[in-house]
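Take a look at the structure set out below.
Chain naming follows the written order as A, B, C and D, and within any one chain the residues start at number 1.
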């Protein structure tokens, strides 16, 4: 076992994919000479050359569309959109081409493409660079949306995503790159379908993903001292949602809190709350609670940003309110 | 009243109070209340049951005699 | 013989207004000729005819606004021999022109619980013209007289009948889940049905006073009415459910109620002597237990110190005029419930014993009334029988105090400077510091002591 | 009034001295014309619904370029794609069934007029979003480059696409990475209802393309032989590693932008002027003057094509609806979403 950072885990995953399959190539802004805006692709250009580690001009729609075309042409591209904030320029290519081609073509054209994006707030980089839009993309049929929250998932999810014949978007929360975790020398396979129960408990189910998993786990520890045992579920895959795991837990605890860094209205947490109220209505002993970002463009000032993002205390309060 | 009749009576009265207990569980010298987890309310009912069947007074001062199996059998079988 | 119909000129076009004709009856027309001009609310468009022939009759006059597909003109076959290539194949059946886009007919658009069509004042009801629709309604024994039709002119269509029939078949909210007026969680409502608990009678301890799972479970194991109300499959399930429910309640009590604890030793020689006198004159069945005296004394003491008696809910204490004394009764095989003896302050030991006997018997055979379960104002726990010197109880929310009686035990006792042996008992009080304090608690315990010294006055 | 390039001289005809080949070009254009004329009828009786963009008048572009491509080459088209699909080899049956939303359609009725696909002939479909196909073409060519596959990706788009950011991004990427893309711009002078002079600061589109150091020509989009000749040369250069090339085909559509467009933005005179340069009669006249096309030949060709159209209409009308149980199929690959 060795302790490595989340960033290092993603780099190892990229390197493994490039070595195992020569159809794989990496494309994105500053992925080559600069070594990646989050230094994830550092060293890959020197090892694999500029044909397979391709710096692109600032043309998100262009190079994401080119990634789709290359996938149609038999490659296994990994496109890095620096952050989800810049993916808005490529939303048409992702939704109207990548996600729809197989269906529109009546099953003829697969798009085996992986797009990686950093996401989330917490670095005081202001409103335009702090979005958390996984919920938007999880709305689109035809896409698989992943949110690796642990070092093991950051290391393990890329390869199965590349084997998926359909487009897969991987969201890496910016605050996770520096976090550390244990990883065995030969990391075991991970799936990209199911949620994981990161902490077992009987009283309340807390659903989280990506950057909010740490918040949920810390809140659960605090609540344990108050005698409230929380079950923490890491979604891992935001589309399709692993409702089976959620059902199994909530039907036992009868209470659910969703921690989602997106804005509350129309967020992924809204979808989960709606499904639980549809499928588990007669198992609920308290209304579903959601801890989301405040509905504001992310402020720059630290104290304001902290106030806007879901905090441990917010989760604790939500749970307390639910178990009185 | 023979010993066996006394035991049978005790069993039937106990059954109406606590169906799942068994008289044989009471060890030598152990009180019925402790062995069978009967509280004062249960024991009063036990005494009341015996009194109704036998028609005997069974005043409170005799309760200690009635709280062991042997004592109770002896109490029931002796005419006094 | 052919018809010239209003063409569809765009994705969102439903009606067209024929602004003017460019031909008149008797004119010869051939494939591709422009024969009229149609206004589609967006623009005027010249429309072509795709058949050769002679105009026989202009059916829709200029200015007429008609839905797509309506016959605009009738055509006689062209006099000259039909040019094979020019003939359009006969109207294939598969893509019939729907006069108007009957949105109701598309399965996808009607939601499973399609609300019946809102009927504007003047649309007629029960307008059934087609024999097929009439026959279908009879077969489904459906009274159509009140049915609003979605067909042209409000006529009842087949789809209307089928939808009305489907509405009836779709199950309404399952009957037994008829919701009571009290706010309660869905789980509580479901359990109330499963465990045969009358939800209306259960007081809630959940958010906003709503009835939640534990309230129902507590009520359930106390109310297994004989008529075979649903009882969890096995005893163990019920015990575990009760254990779980009590656990939650106690955890909440410990978390929320700032308990303070007091204890005192009370000398009972007077009470014991009084009891013996009373019992000597009574047959076994009518004899009193010490507990009845203790309960009466406690009830009387409560009247003097009202802060011990009532409910603390949503940040405020509401004292209760009535004293409903909760008596902790151990269930055979584990578990504890504390049903109430109502108006305990009015009961002398003799009456108290009658109530106690009845209560314990029903508690142990599961025939407690839910009211007895739901509204004790103060609770007494008595573990003397099990040989425990003293017990410090945990208050049952939303109550604000609990009294604990230990076992009767001979103790050394100093009287007038001399040492004596007296039967004594340790009495404790756990109080809610939000409502009362040690001072008031002590006052309460000494009041109990006072009554126990004069049992005859109870 | 926009200036009109010169009419085709008879010399052009001589250049492709293979008469049979020219007759083939005529037949292909005529097939497209009659097919789309029948679509107008089908649309008016609601057999075809939604949007329908006809290329009547622009047939020479599709036929000319497709002739210059090989079966291995890849094609990315636009929503005005019936001509390109038929010229590439999709059957009238499969295409018309798709326009009527039938299961037998080339995209199982899921795509409709704007989304015709055929994986076997590398026809990567139309696209409803203006210029959204350009990055796809760049990607396909990138894949060829990375896998050392020698083929051309022909990317069709209109003059409207030139104003999209993706045009700039795609041209730059293709030039930057020297990718085998043949950019085919069908400049019909109007972006939907807005004339070129109202949308582009530089209206000479081939000049605009050359700013990316991409070889670019304009060619008479109403002359199928000229288009074929230019496309063949460009495709050859691309194939030989010359990097991306750009053809600006100046053409004109005789009907509205789509089936519901009042066409008020063009005056009748201009339309009539261009109708005189209709590529089909132009070629018919040239061939008959050379004595390779008799009156009877033409009539026979028309009859055969009419029969092919009638058959396609019967096939499409008799087509079946895809069972609704399959609604969620192909959202993702052979995997039923839970």
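In this text, a residue touches a chain if its C-beta (ideal position, glycine included) is under 8 Å from a C-beta of that chain, and two chains touch if they have at least 3 such contacts.
Owing to the predicted nature of the structure, the values given are computational and were not obtained by experimental measurement.
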{"item": "Chain-chain pair with the highest tally of contacting C-beta pairs", "value": "A-D"}
{"item": "Distance between chain centroids, defined by C-alpha means - subunit A, subunit D (Å)", "value": "41"}
{"item": "Rounded Å distance between subunit A and subunit B, as computed from the means of their C-alpha atoms", "value": "72"}
{"item": "Centre distance in Å when subunit B and subunit D are each reduced to the mean of their C-alpha atoms", "value": "106"}
{"item": "Whole-Å gap between the CA centroids of subunit C and subunit D", "value": "63"}
{"item": "All chain pairs that touch each other", "value": "A-C, A-D, B-C, C-D"}
{"item": "Residue ranges of subunit D touching subunit C (in the complex, touch as defined)", "value": "37, 40-41, 43-47, 49-51, 100, 259-260, 262, 264, 302-303, 306-307, 310, 313-314, 317-319, 324"}
{"item": "In the complex, subunit A residues that touch subunit D", "value": "23, 25, 51-52, 54, 56-57, 59, 61-75, 77, 92-93, 96-97, 101-110, 141-142, 144, 164-166, 240, 243-244"}
{"item": "Subunit B partner contacts - residues on subunit C that touch it in the complex", "value": "276, 279-280, 283-285, 287, 289-291, 330, 332-333, 356-357, 360, 384-386"}
{"item": "In the complex, subunit C residues that touch subunit A", "value": "177, 185-190, 206-207, 212-213, 251-252, 254-256"}
{"item": "Subunit B to subunit C touching residues, read off their complex", "value": "18, 20, 33, 39-41, 44, 47-48, 50-52, 57-60"}
